[in-house]
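Read the structure below first, then the notes.
For clarity, chains are labelled A, B and C in written order, and residue numbers in each chain start from 1.
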Amino acid sequence: MFRNSTVPAGMSRRHFMQHMAGASALAVPAINFTNSLLAASTEMKKKHKACIMLWMGGGPSTMDIWDLKPGTNTGGKFTPIDTTGDLQICEHMPMMAKQMKHMAVIRSMSTREADHNRGRYYMHTGYVPSTTVEHPSYGAVIAHELSSQVPDLEIPPFVSVGGGSVGPGFLGMTYAPFVVDSNGDVRNLKFDIEQARLQQRLLTLNAIESNFAGQGRGDEPKDHEKILKKTVSLMTSQQMAAFKTDKEPKEVLERYGVIGNAGRGMGMGNPGFARGCLMARRLVEQGVSFVEVDFGGWDNHANLFTTFENKLPQLDQPMSALIEDLDQRGMLQDTAIVWMGEFSRTPRINGTAGRDHWARAWSVVVGGGGLKGGQAVGATNEDGTEVKTEPYTSEDVMASVLKGLGVSLEKTFTSKNNRPMKIANSGRVIKELF
Amino acid sequence: MNDRVLDVFIDEALGGAQPPDLAERVTAALAKRRLDMESERTASSMPISSMPTSSGLSPRPVPMPVPIVPTSRQTAPAAHSAFSRRVGLAALALAAALLLMIGGNWFWNREATNPSVVAERTARPKTIAQKPGGENALAKQAARGSIEPIEQHSQELSGSSQPGNPVMPIEPAAAGAPWIAKSPPGNQRVGAGAAAAGSMGAAMNNTKPAAAAVAGSAESAQPPSGARLDSSELDATSAGNSVADAAFDGAIPSVLSSSASTDRQVVASINADLKNRWQESGVRSSPAATESEWCRRIYLDCIGRIPTVEELEAFLIDNRRDKRARLLDLLLDDDRFVESYARFWTTLWTNRLIGRKGGMEANSPIHREGLQQYLRRSFLTNKPYQRMVYELLSAQGGNRPGESDYNGAVNFLLAHLQEKATPATAKTAQIFLGLQVQCTQCHNHPFNDWKQNRFWELNAFFRQARDERTMSGNQLRSVRLVDRDFAGEGGDTDEAEVYFELRNGVLQVAYPTFIDGAQIDRDGRVSAVNRRRELALAVVRSEELKLAIVNWMWSHFFGYGFTRPVDDMGPHNPPSHPELLSHLAAEFAGHGYDLKRLIRWIALSDAYALSSKYGAKLGNAADDPTLGNVPLFSHFYLRQMSAEQLYDSLLVATGAHLSQVNYAQQQLTKDRWLEQFAIAFGTDENDEATTFDGTITQTLVMMNGELTRQATNGDSGGFLSQVSRRAERAAALNELYLAALARRPSRQEVQVANSLLTSHAGDATTALEDIWWALLNSNEFILNH
Amino acid sequence: MANDPASTGAAAPPGPEATKGEPPQVHLAGKLPPVANVRPDSNVNVDAENQGEALDVGRLVREHQAGLWRYLRVLGCPADEAEDLTQETFLAVLTRPFQDYNRQATAAYLRQVARHRFLSGRRRAVSFAELDEAEAAWLKWAAPDDGEELLAALRECLQTLTERARHALNLRFGLCQGNAQEASRAQVAGALGLSEDGAKNLLQRAKQQLRECIDRKLASERRGE
């Protein structure tokens, strides 16, 4: 893309960036571009740590997927099946059943936010919404902690496929999610002028930009300046190819369910989540620290079971493909996977064959990234209305994932109003996961 | 033992919130604060003007600022002072208690709606238009220039006032209100249409002298919007509303409060309230913004785009004392701007009512353009807010133009009727009443006293509503919103009830009951009770309606409302400026729910004219809501343009607005462009967010997007080509800076431009393209400052 | 912080009116410990000059923070806000001349400042009757030792409850490490399979038992048993 559109033949990106930097002698200091070397490709891509979150917007009924209660009033109509791990899951998740040796289902989640927006915020940050502090999301925290492992990364370290994530809070716009749609089309990436001219434009821009940023109008003008630099770096990056899932071989596309009907039920399904999962793997390979893939439509107040019969295969195939793929490439040890929604749904089945919002007892699935799979952690009582082992929270999940990724839990951030904030809100590590 | 004590200790004993260890933080913060104070002491030589002087009624401590001194023998012991202060504290506490009692009920107070009061008011209608004496007095006062709090800030061109000039009163003519009462109910439809047109005509006539006088260059100023008003649209008044309107007129008298203050008084009260608060809080206000900054703001916030160079210059060369009020008159009432005004507020309200994505996908039951058409018409005629809300809630009819009973207003509720109309319930409470109740659908509200039953009682009002769809083949042809007899979930039409489940599965019953506890007949037959109409009446009579709209409007102009979030009001979330909020709400109602008037008050306040510069040197570093502090409005809060504002500003910048002809087409192009930034959350509550929030995505749009490409093409025949045809380069450069940033280039910026020109071998057009690109991509451009 | 003069421009040196020796304000400020009449310039290097005499801020904070924080919670602050206000209170008090004569007096002083800060953040949203009641209860039950004794008694008394009652309380309070607000009564009801009224009764009974138990314990302790 880069070679085709903007850089004259024979000029490497590095050469180009040097040109840009050299121009700073002109009249004003130029924008400082990231000191980018041409990505030393394969070596560094392999060993860095990362996290992929599969975000189930709407609040999926986990007792119909991961923690079935057959034969009880609340149990629903699905049957549990055996897996390669020491636990059973729903019959409509056969491909995941083969991968469960890598994954752990935390069945004793107990949280308190049962409103979509509050739940989304809480599960993404480990904090409840506050009027005084904007907390950084998982993605921003992990990007903040891990992105230094990949100094040559030109893509933002936090990518959200399909949106729906929570922002960087007090960590600042540098760690904001870069939102792309699942097609991987990053709009407006190409600049259709010569690079020399772009460079001149940037110099002119810099003069205006820094003038305004220096006038004591708070942080926003300065943040804008930072984002400009990142954007320019992105525009000239070859790494953007990581967003292009269609470059993958046909077998891979089929395995994920992007094309064809290799799995069941995907023919009519929306391949967006499949693409997202595949893109997540490509991005992590490229060095991105945190990828969140959005899969919505779980707010099933009505007709839950008929919906699930179509929907679970759409979850099953891409999710299992992602785990298998990461494992085969030797990346699973360094890549944590987190599957969760903002909450789950009532054990009671309501009058319209749906379930309503419920946060007291539910499940989150984690694996990879040094976390011990093949197990169920904690348990709910027989009809799923209560957690009967030690209850875990969003903070605990976050703390455990961070530990798995080698991030120190002693880390403390300082919010804008000088309030120290322990990473993961002082969550406890879930010991069964190690 | 007191329950609260017990609760707190149980929480702690059971491992809930524990007392924090703050020793290190306090020590560190103390050291930092001392350093800050040192530097501030050296930076500022001003005496502390913000020290409290009288406010004996203030419940705040507002201790006297005291320099840090070493602890010494001269210092009285805390123990001693604690005792000797007892008397003072008692007095203070008493005063605070009084204040609390006086205002304690501010939120839930409700206007008495007993019939006799209503009847009395109807009998003696008093409208502003019928008070010429008042206006004359005001005009005289204005002519004398005795009261002019606004203009003391003008810096750049504060020329001498010219007493000889005819000075227009601030009061707008007619205020759009009187037509309600004048139309006989039986003839409502025709009457409303004609009266609306008449009222508009009156408004235009009245502002013309002012408009003509504003600027010599007014004629040369380009009309800001391309599409001309299609008068046929205005005539197409909704048929479905005719009965409802009569009901509205019967129930809501179009009476303006006789005790309503003049605009000047209201503005003065805003100024006084904010100023008191600055003093109490020990902050100073920032200096005034420049005139051109103010002008840029007001264009952005009133009509959704930056001013053209001609418009800016017209304002700057005007040297009359009331030029700001005049500019507002122009933007709000002049026929050259009323269209832009209506379009901007239509966009804002469309997004509020049905989201950025509502009606955008194929086969949607929502006809976005229909709603836009309804709103546009409402804003063109400055429909009283009360009436607009009434219509949105009670609308019946077909959702798209061409239907025999077309009524665009139905599209609001059509977007939210799914899931037993629970989204409609939540949106109505949130948008019109400022109450967030969505979570009470399933359980009691965690923070306020909203109980689950109240949600469903409100919900019961929507249950006669049906969306009836007409298909042609697989395609949805049209949808109409109608009311049908509701048999209740129990099947008894006489007592048509709604069921809801408690968390433990127990089923409970709810009947239509408004948030104040007022019940209506439980009969589910439309012929007996039209539930939506009853709801609409209750909503528009409620105190919450006024508070919520004032709060929202304030946040539109200031970046922050009196509560955060702006649509989550109630006893659990007290407003930052309660007196100001309730005062503005009362005045707003007293002036006939006139939105334009509310805009005038807010926009003419001193606070809106303050600079966005702030910090320790200016004495208001603490007034920073991004730190979580309560906004004090002691400086203008910088904020990013919305995607909508940016789009229209870029249109002006390209001149593209001149070429497009059809309003609907224009709107569609715009909606498509805006849609790329909207993200839906995949929930049943129609939540969504925008990525137009200062991220890389947005920056890419600005750098490489189609709009920028058009705008920076010097051969396009647009604005840039006109500028580059100018003979004088300095003038061209100036013009670009004025157009984008409402200021001239600095010396350094001229230098940069010169070197750019040199490197383009003197090709001015190319250089100007680059400069224009840089300007449009700058922080100073995208931030409303 | 917005309401904190000490953190804003108002912290600049006293203006002319103060140096002229006029009595400061009719305000609380006027009743503050008298201020040494020091010229602004002489404040430079305060800390360096007075290290020997300086107040041990860390000790003072540690001594009073728990009590102050609990007090604010009793007034009605959520945990986070209580934490913020506790910090602000110390800062406000410590940026003024201050001497720690004895524990009780200092605690009372801190409480007053905290209370004002709490009120100024709320303005009118507070029911004064409730506040007074809470305050009186604090003074009666917790003020002497910042609530430590009460907490200890409560811990013991919790053991005397039935498991079900304790479970209900656990649901309603505590469970979430302090950052989520309590579960609503409806949620407790749901979790215990009770009606909402049932849950309400259970919780109220449990609390009444606790109340009585604490009364007994504290009374006996105060009698020296």
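Note that a contact is a pair of C-beta atoms (placed from the backbone, for glycine too) under 8 Å apart; a residue touches a chain by one contact, two chains touch by 3 or more.
Bear in mind the structure is a predicted one, so any value in this text is a computation, not a measurement.
J.: Of the pairs B-C and A-C, which shows more C-beta pairs in contact?
T.: Of the two interfaces, B-C and A-C, more C-beta pairs touch across B-C.
J.: Need the most distant chain from subunit A, centre defined as the mean of C-alpha atoms.
T.: Max centre-to-centre separation from subunit A belongs to C.
J.: Just curious, how far off is subunit C from subunit B if you go by their C-alpha centres, in Å?
T.: 38
J.: Nearest whole angstrom, what separates the Cα centre of subunit A from the Cα centre of subunit C?
T.: Centres of subunit A and subunit C (C-alpha means) sit 40 Å apart.
J.: What residues in subunit B touch two or more of the other chains?
T.: Touching at least two other chains: 25, 29, 443, 503, 618, 624, 627-629.
J.: So which bits of subunit A are touching at least two other chains?
T.: 114, 130, 132-133, 346, 417 - these are the residues of subunit A that touch more than one other chain.
J.: Quick check on subunit C: which residues sit in contact with 2+ other chains?
T.: Residues 1, 83, 175-177, 179, 181-182, 187, 190, 193 of subunit C each touch two or more of the other chains.
J.: Sort out for me which residues of subunit B touch subunit C in the complex.
T.: 1-27, 29-31, 33-34, 36-38, 40-41, 44, 46-54, 56, 59-72, 74-85, 88-89, 92, 96-97, 99-101, 103-104, 106, 280-284, 443-444, 446-447, 452, 502-504, 506, 571-572, 574-576, 578, 616, 618-624, 627-632
J.: Hey, which residues of subunit C end up touching subunit A in the complex?
T.: Touching subunit A from subunit C are residues 1, 80-81, 83-84, 175-177, 179-183, 187, 190-191, 193.
J.: Would you pull the subunit A residues touching subunit C in the complex into a rising list?
T.: Counting only subunit A, the residues touching subunit C are 110-114, 122, 126-128, 130, 132-133, 346, 360-361, 385-386, 391, 393, 395, 417, 419, 425-426.
J.: Quick one: which bits of subunit A touch subunit B in the complex? Just the residue numbers, please.
T.: 26-28, 57-59, 114-118, 120, 130-133, 156, 162-164, 167, 173, 176-179, 186-192, 197, 200-205, 207-209, 211-213, 215-221, 223-225, 227-228, 230-231, 234-235, 294-299, 301-302, 346, 348, 350-351, 356-357, 415-418, 420
J.: Could you please specify the touching residues of subunit B with respect to subunit A in the complex?
T.: Counting only subunit B, the residues touching subunit A are 25, 29, 32, 419, 438-439, 442-443, 499, 501, 503, 505, 564, 612-615, 617-618, 624, 626-629, 638-640, 676, 679-685, 687, 689, 691, 693-697, 699-701, 703-705, 709, 741, 746, 748-749, 751-753, 755-756, 759, 770-771, 773-775, 777-780, 782-783, 785.
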